[in-house]
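Below you'll find the structure I mean.
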Amino acid sequence: MDIQEKNLESSGHQKINWVSKHMKLLNSIQTMSYSLNGLKIGMSIHLEAKTAYLAITLKKLGADVFVTGCNPLSTQDDVAEALKDYGIIVHAKRTEDEREYFSFLHKILDYKPDLILDDGADLTVLAHTERKEVLDNLKGVSEETTTGVRRLKNLQAQGILKVPVIAVNNAKMKFMFDNRYGTGQSTWDSIMRNTNLLVAGKRVLVAGYGWCGRGIALRAHGLGARVMVSEVDPIKAVEALMDGFDVGKIDELAPQADIIITATGVCDVLSEETIRKLKNGVILANAGHFNVEIPMEKLEKLATRKYEIRKNVTCYEVNGKDIFVIGQGRLVNLAAADGHPVEIMDISFALQALSLLYLSQHYKDLKNIVYDYPEELDRQVAMLKLRSLGIEIDNLTDEQRKYLESF
Amino acid sequence: MDIQEKNLESSGHQKINWVSKHMKLLNSIQTMSYSLNGLKIGMSIHLEAKTAYLAITLKKLGADVFVTGCNPLSTQDDVAEALKDYGIIVHAKRTEDEREYFSFLHKILDYKPDLILDDGADLTVLAHTERKEVLDNLKGVSEETTTGVRRLKNLQAQGILKVPVIAVNNAKMKFMFDNRYGTGQSTWDSIMRNTNLLVAGKRVLVAGYGWCGRGIALRAHGLGARVMVSEVDPIKAVEALMDGFDVGKIDELAPQADIIITATGVCDVLSEETIRKLKNGVILANAGHFNVEIPMEKLEKLATRKYEIRKNVTCYEVNGKDIFVIGQGRLVNLAAADGHPVEIMDISFALQALSLLYLSQHYKDLKNIVYDYPEELDRQVAMLKLRSLGIEIDNLTDEQRKYLESF
Amino acid sequence: MDIQEKNLESSGHQKINWVSKHMKLLNSIQTMSYSLNGLKIGMSIHLEAKTAYLAITLKKLGADVFVTGCNPLSTQDDVAEALKDYGIIVHAKRTEDEREYFSFLHKILDYKPDLILDDGADLTVLAHTERKEVLDNLKGVSEETTTGVRRLKNLQAQGILKVPVIAVNNAKMKFMFDNRYGTGQSTWDSIMRNTNLLVAGKRVLVAGYGWCGRGIALRAHGLGARVMVSEVDPIKAVEALMDGFDVGKIDELAPQADIIITATGVCDVLSEETIRKLKNGVILANAGHFNVEIPMEKLEKLATRKYEIRKNVTCYEVNGKDIFVIGQGRLVNLAAADGHPVEIMDISFALQALSLLYLSQHYKDLKNIVYDYPEELDRQVAMLKLRSLGIEIDNLTDEQRKYLESF
Amino acid sequence: MDIQEKNLESSGHQKINWVSKHMKLLNSIQTMSYSLNGLKIGMSIHLEAKTAYLAITLKKLGADVFVTGCNPLSTQDDVAEALKDYGIIVHAKRTEDEREYFSFLHKILDYKPDLILDDGADLTVLAHTERKEVLDNLKGVSEETTTGVRRLKNLQAQGILKVPVIAVNNAKMKFMFDNRYGTGQSTWDSIMRNTNLLVAGKRVLVAGYGWCGRGIALRAHGLGARVMVSEVDPIKAVEALMDGFDVGKIDELAPQADIIITATGVCDVLSEETIRKLKNGVILANAGHFNVEIPMEKLEKLATRKYEIRKNVTCYEVNGKDIFVIGQGRLVNLAAADGHPVEIMDISFALQALSLLYLSQHYKDLKNIVYDYPEELDRQVAMLKLRSLGIEIDNLTDEQRKYLESF
């Protein structure tokens, strides 16, 4: 059944139709002679139109696809519903109930997938802890995020990892674009639409200057903000400084900030003492994978009053001051907006699709470790992207190639 | 009755409560010893939370306030409803019916206002044409926009204008911020939230390089786009070029664009021939006051199919290509998003409030012409803004003042 | 005699040859049917290759041209020498002797010029004070700078001005480009070449946020600096803030700065107390017309040691700290580099040339006041610039023109 | 003998004195308890004040230091002379004679150095080819550049490399700053000072989007240029596009360019056919290590006339058009300006100094291969840099560290 034939009155199908017009890399992969015939793929992803279209693509390549969310609040129910019309099994729903969320993960594992496509590694970790029986049939995992890769490397370090993992996050075509420009744009899209506040002239503190933090800082700057950065890595700290941003300890910078955005990959970015010193009216948003960066329990504890002041914005009254948190401290671009821009996810999902094809062909030769993304596939996706835009680039001449080999 | 006491379950009151926390200039004006006692003020404005809060401010200064919209699609019904709880008379509703829209304007004039606060000049033009009887009591007009000022100057040129007008749009604190940074941010906020598409790397054509166009181009650039500009004024064209943008004729630039944004103040920015040559998938958005810039009738005529493909996005199929129009060619930031950022409107409305106070005091001494915004009030609003941010600036020393007077 | 035929071994002729290839507006004016036949033009300008080429252009249009400097240190002797080969009378030399500088101004006035082309207004002020006898023959003045225009308006205010003045500085094609992008680039060119220090990451304080200050701040930002701005005008202060810069009092900002650049148009920008608090190693540079902005006498007084540490850089030891001043506090881009970029001066000098032609035709009808630059000439220069780049722009359609006249 | 005691009348000593005030990392390394006692270090570097100060630093750490250039045109003779006053052996002189240049390299090898500090790898390649007898005593090499590392990896690949090499270029503190922000600023510093032309509005083509190319493009953009990029690596090509630049084949982009800058690391970047199609007045500059990127012989062949039109600028007349080449196609920032900013080289040279100390301690345990820069030293230099600026950063809390180790 084709997108064109769906009931476009349904909001879920509408959304999928929209992204299908802009995910040109997935479209071109669908027309290639690749095959995932007969393989069962378990997907744990932010379930919205773009991931839905990845699932559809994998289905078109011949796989049986089983989908759930990877974050309780990021599932869009209308899309989940529409996806079923494509013959895809979906167990997912927007929920604040962590137990319900995990029950869905279990259901996916019940299908004993051959391959897992993971985002944050919840599904893979579950398979390696509570659900080890599924490891027998599991041939490989493709993991999308910085956080997920870190967790799986820790599994590996502890000798627990039982399948080869492709760290899609480590592809250049991933972190340079998805983490940087995807997060950069979508974080600000979400903050702007949820607050209707001006960015120009504001003091913005970005906690963490990895690829996500860089993108957030760059776009803050592009919107006219005055940007401050906190980091634990001295090299990244020097980079932030030379990029034109103020750098310092978070406890000193946070009280000067109008907007604070976390992108650290660690927990508890603000101490209780610092929370008390925040400006009246400060906006807090998290752009990291898990909702542990902004210490929500501390906020709850310190607040004398808490209420939803605007859709997706909670006001905590602390010390007579208003602290506004967007999207409950969850990934602000997904919990309170539409996630990364379509074309960014198109690139990331092209990487994912190719990594699953790669795993299906090579899993027997791979060790049970976390692999960097294969360079050749990375280049292949870049070429697909350029081609989709009608851009041609140069090749080295023979003379230049010879020059490069000389000494 | 105070905002604190309102029913914050109502979405209209919620929205007004949110902006009241961020409109610090209006808040400080409310506490000043100014008075509009006993004056009837007719307002025609984009009726949403921020303009509602301006109406509330004028009411607090003693005026009787009568409010309607200034654009059929930009009224938010929940806010209109909530505003009535403040003792303000409201005739407004989101509508696509131009006749209904004009009937509301007539109702406001029925109250025979002493002062008009206008946005686009529909209300004032009506008073000078079909409803001349209201001119007897009318003491002055404060007009907000480039387009409205142009229209009222044309009224003046034709000898029809019968009251003094303050061109709020000509205040530096207006056009440098509202037109430039307000339009710049809110246009992109709207495009991003309504399309979920990436801006980085896109070719964006900005038609018109006035203050609005400059802001749109600047933010496009800040979001990573490659920007092209079309202009009819050679000086602005050179400026756009030196700002780092490509400049040329719209008929040559438009077919290269992924996104086209109009901010010209004129009608029919794209010819039929150019529409035929647009890229498949191009996005069209209008940031000018009236919905005449994108030639919607031409699109309707040329399209073989037309349907809503995403909320606020209409797909026109022309020549087998998709042309996507956001917000039906109306002001994209208001028709399909929340309008300018709150703090920007706070500045613009502080200018408006002070201009009404000024008119109420000086109307007898003024001629029936369009006045530039009084410089002293302009500076006063700037000082209020700095003060609200806790920023102090220098004064000239006596020595420096003397130096400036020397030759 | 033509540039091609000059002795290109001479460095002065080399420099003039170089700029002649890049001053395309002057080149096109030379080929027009304009005439200054028989008029004596006294020029007081920063005498280097670009101004020399303006003198040559005026000569080609038929005038007798008499040239001197407008700043003791900005004359380039090799260019002054070469200029004489074109039949132009030159009295100028790089000097630190103010008396010698003024003696040259007197010599120019001895020729009783019909028109004065001034830069900073020294020549015109002299004509109106010590040398009133030359006013009889003087028909008009074209003045280039913000500072000069201010001085001549003060002359006018005091009833002393005896000729019409065209404020070239007030042309849009002047201040938007020369003051902003000319000063912006050339100030940083000079600082970089004279210090070989990194700009990225540095804290730069720009004193004054007029057109010059804006350009300096913009380019500082473009080079990776963290920018702070001090202003006395609250509107400009708000603009600087929304442009993403820190704003405050100079006494608080200066001690945080690594580089301080003055562009205020006033004297004594730093107090003695603030000088004492400057960072060790701070760089001071002036981008304003006169060398009064950085208080050099205070520095001299406070310094325990003073020496030239690098070409064009003087080290003042104050309180055991090094304070480095570039170009002795004179216009840093002229006293210690090559002045504005060639193409910028080409625009400004096209404005100058046209204003002299305008004065020669209209002086009888003009009052003895300072006139804004004629709008039509401003547009004409913009069109010349676009044409020189091969760029075409749109014209309003009849329909659009009609729309603009409607209300 | 101390810098303070030198004859500061000498321009060489002046220059060294200036940089000594700004190379705070080298200053702090000089005061540490490190030792290079008794080791002979052969240095082949762009001999100007900053590299001189590195040599002085190594001398202070106890080494015997022997210095020559690494590029015929980049030696500053006054600095070379002054350096001798520090007890350092110098064989170097600015020359266009390649043979003389190589004779100096030979002289350095005559001293049988224990360690080589190389920039471009000429000295190390010579030691491994014509001068193998010096390998006996050679314990290790520290190489600075992308080009040099490539050459030494080719030596290694062919089994010829006989000593361990530390690729300083691969340190993050190197390529993120020296290649990017060092090259970015100094390339434009050189182009601006040597041409006095405007950058704003110009079409600039950057050939190569490695770290150097990125820096050049970023600063071009910061100076107002419209930037185009050519690349052979599809991933970098996509990055350039998303950074907001036009991307394409060099043969199509070059004819549109006003300025072309090569930073490719390969030879013959422009074909003969493309040279013929360049714009009249185009500026060519090379920012890559060797003078092979701009095909100078092709230019010579095609030119009907060639002359020095401005200091450091050669005009080639091809097809009746002017093609201007800065610095004869050699590294434009060194051959025609003062090289990288001082603080950038301070970082790079701190890495160099620490790598030599590392080699002196560990050479026995190292293999004869090219090593990436030791991560711990990289972080150490970053910490030194932050400390020199008085900036403190956060450390992970125990809780965060634990979190990072979890899965």
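Letters A, B, C and D name the chains as they come in the text, with residue numbers starting at 1 for each one.
By definition in this document, a residue touches a chain if its C-beta (ideal position, glycine included) is under 8 Å from a C-beta of that chain, and two chains touch if they have at least 3 such contacts.
Keep in mind that this is a model prediction, so the values were computed, not measured.
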What chain lies farthest away from subunit D once each centre is taken as the mean of the Cα atoms?
-> B
Using the touch rule from the top, work out which pair, C-D or B-D, shares more C-beta pairs.
-> C-D
Rounded to the nearest whole Å, what is the centre-to-centre distance of subunit C and subunit D, using the mean of the C-alpha atoms as each centre?
-> 36
For subunit B and subunit D, let me know how many angstrom lie between their CA-based centres, rounded off.
-> 52
Within subunit C, the set of residues that touch 2 or more other chains is 181, 200, 221, 224, 241-242
Residue ranges of subunit A in contact with subunit B within the complex | 8, 14-15, 17-19, 21-22, 181-182, 185, 189, 192-193, 196-200, 219, 221-224, 281, 307, 309-310, 313, 322, 337-339, 341-344
Would you mind writing out the residues of subunit D in touch with subunit B in their complex?
-> 200-201, 221, 224-226, 241-246
Of all residues in subunit C, which touch subunit B in the complex?
-> 121, 125, 150-152, 154-155, 158, 160, 172-173, 176-177, 181, 230-235, 237-239, 241-242, 247-250, 265-268, 292, 378-379, 382-383, 385-386, 389, 391-397, 399-400, 403-407
